[in-house]
Amino acid sequence: MAGKIVTLLTDFGTEDGYVGAMKGVLLSGDSNLQVVDISHQIRPFDVRQAAFALFNYYRYFPKGTVHVVVVDPGVGTERSGLVLRTADYFFVGPDNGVFSFIYENEVFKGFRIEEEKINPTATPTFHGRDIFVPVALKLLAGESLENFTVPAARFESFYEKYHSSAPNQLHLKVIHIDHFGNLVLNFTQQDWEQLGRPEGVKIRLKRGFLYGIQRTFGEARKGQILALWDSSGFLQISQNQGNAARMLDMKIGDELVVEI
Amino acid sequence: MAGKIVTLLTDFGTEDGYVGAMKGVLLSGDSNLQVVDISHQIRPFDVRQAAFALFNYYRYFPKGTVHVVVVDPGVGTERSGLVLRTADYFFVGPDNGVFSFIYENEVFKGFRIEEEKINPTATPTFHGRDIFVPVALKLLAGESLENFTVPAARFESFYEKYHSSAPNQLHLKVIHIDHFGNLVLNFTQQDWEQLGRPEGVKIRLKRGFLYGIQRTFGEARKGQILALWDSSGFLQISQNQGNAARMLDMKIGDELVVEI
Amino acid sequence: MAGKIVTLLTDFGTEDGYVGAMKGVLLSGDSNLQVVDISHQIRPFDVRQAAFALFNYYRYFPKGTVHVVVVDPGVGTERSGLVLRTADYFFVGPDNGVFSFIYENEVFKGFRIEEEKINPTATPTFHGRDIFVPVALKLLAGESLENFTVPAARFESFYEKYHSSAPNQLHLKVIHIDHFGNLVLNFTQQDWEQLGRPEGVKIRLKRGFLYGIQRTFGEARKGQILALWDSSGFLQISQNQGNAARMLDMKIGDELVVEI
């Protein structure tokens, strides 16, 4: 029988042992589980970084995987805990936008966790250990969602589509800066196809322009700035073997104008 | 049969491959082991940080788990290697205080490792790979402790209970600062219950006071400082969605006076 | 039957979810695989650091392990992907020097990956997910190398042996600085034996000299600088309980003169 898999994405760091506690609870529930570390280095409270990371890995896991995300600045407040069910996966985490890209890209059903049915003595500061991981165990054990959730209809999301101020002028935003300093924009290969795959793309930078979308880093010299599709289909601005965010002094939320 | 589990906590970082070597030795001993990373980001030589992390996760693992801790500034000197046995777990690591909280919280038996019986050609700089991990394999294989240890009676510990200078005045110390900048104090929920659960707690800060112990972050505004019980039962000073250590400019060892 | 093992070494960090995607592809190929994280904290594009880390762990894993290394500044250019086969292991990664120490220390056969036979629609920026991990799965499944590689004869390597300017004068270089600030030199215990184990070793530093090679850190006072063999057999300069690289203000590539 195929192994059962849980993935973990948090902003806990590892050095306090909190992630260790979550792993212990998981393995105490089922010592043959595969607990897969995605990252515990999400910037503290950075829901957007977590959402973007999740979008990059969730679809590659075997059917039946439970994806747990605990980046949860609102822990202990009124924000709900969620379970999302898609054709292939479960997602478990707080309703604070960490699942923004899932809402855009998947057909799903959402459920609010009834915390008191999971753990009436949950520590108010550590729902990762006391609520979300126990929920993951119930899902892996095949327990019915009715036993510990209620259906949900509205969800927090921060995703904002690019907009156009004129037919040939698009306004894009930096939605993520990755480990290498690549600037990821809210414009996908799919968006580009819907516009008829325009070839004469011209991206305005603070100083100068970028022309065209390249296929690979190899088409630029070392240190050169270029635009290309990232491995999840978003447009990104990169510096070949360098750090574009630092080079261009840009940050999340900054706008870029593109002429097509 | 339940999977066999070893947890690893070190200050090695991962980028030199030293932790990789320990994992290789473990999997060469038994390729069906579950090797669970707790952290390799303990600050170099920071025995206290390791001790605190261990306290946060050890009890959540299945019975039979072997917890290996290698934060070992004295490697290659006369400090001994230890095995501790409790009702549920084994602990393996150096006798330098990393197990300070275990001594306070568990009934245990301690044993000193006879290094030459484990590995007469151990590299003097890398007992993680050459001594502690081989010991973990022997414990998982059920080998008798008599074969490679001698009973031990005294152990290094740094834990220091809070003290009182007057019946209503407690002197607490910062014993740990976590990833989020929370200040953890040497005063537990159990200590508070032994004092009769005093309600009018007043904590003196450099500027001003904190009144009361809150149940959750949600009871404070964003940026506010509050006192609450952490998820392992220690009193902690936190800043809601911020970094209390930075905000209050406090560090490990700093004292706080509490009036009850 | 023994578990199948893949190790992963990258410079991706974990916070973007790219490593998560690689793990998902591996577990979708075989959900009972052991996927072992070595590190994802290699400095971006630092092929040398990756090569050194690999040298420290590869030999400790069970026979049959596939070691995947993705530190790949040339992804999407003409650099090839490689498979190396030794008596015990497979290595998979780019031909850019990450395997420099393997070439020095192992009898091996090398093969170039024919990318279009692995994945004709591989993302040009993410061969870790789209080429190297699928190759690892084929190797674990026992597929014949002929199906997706061609034999290779020349390989990129950066390893440079120490040189002598006089019979008793050796010129060594810093080839690596580890997590603790230890300076690793291109001079091995084997080199030292070939020179007849000279005892009167004298290492010239910017200020002063080091005499002799110590057995362990314990032979120096706290803060003292010493020379000793590291756990993989390289000569290293260390500061007892400190950071030698910072203390001596030295970096990778710096030269040291040794008199024997």
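The chains carry the letters A, B and C, assigned in the order they are written, with residues numbered from 1 in each.
Keep this in mind: a residue touches a chain if its C-beta (ideal position, glycine included) is under 8 Å from a C-beta of that chain, and two chains touch if they have at least 3 such contacts.
This is a predicted model, so every value here is computed, not measured.
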Worksheet item: chain B-chain C contact: same residues or different, taking over half shared as same?
Response: different
Worksheet entry | Superposition of chain A upon chain B: rotation angle, C-alpha, nearest 5 degrees | 120
Worksheet, complete the sentence: The distance between the C-alpha centres of chain B and chain C, rounded to whole Å, is 31
Practice prompt. Two or more other chains in contact with one residue: find those residues in chain B.
Written response: 37
Practice prompt. Show which residues of chain A lie in contact with chain B when the two form their complex.
Written response: 12-25, 27-28, 31-32, 35, 37, 44-45, 73-78, 123-126, 129-130
Worksheet item: Can you name the residues of chain C that touch chain B in the complex?
Response: 2-3, 5, 7, 9, 34, 36-43, 49, 52-62, 65, 176, 178-180, 215-218, 228-231, 241
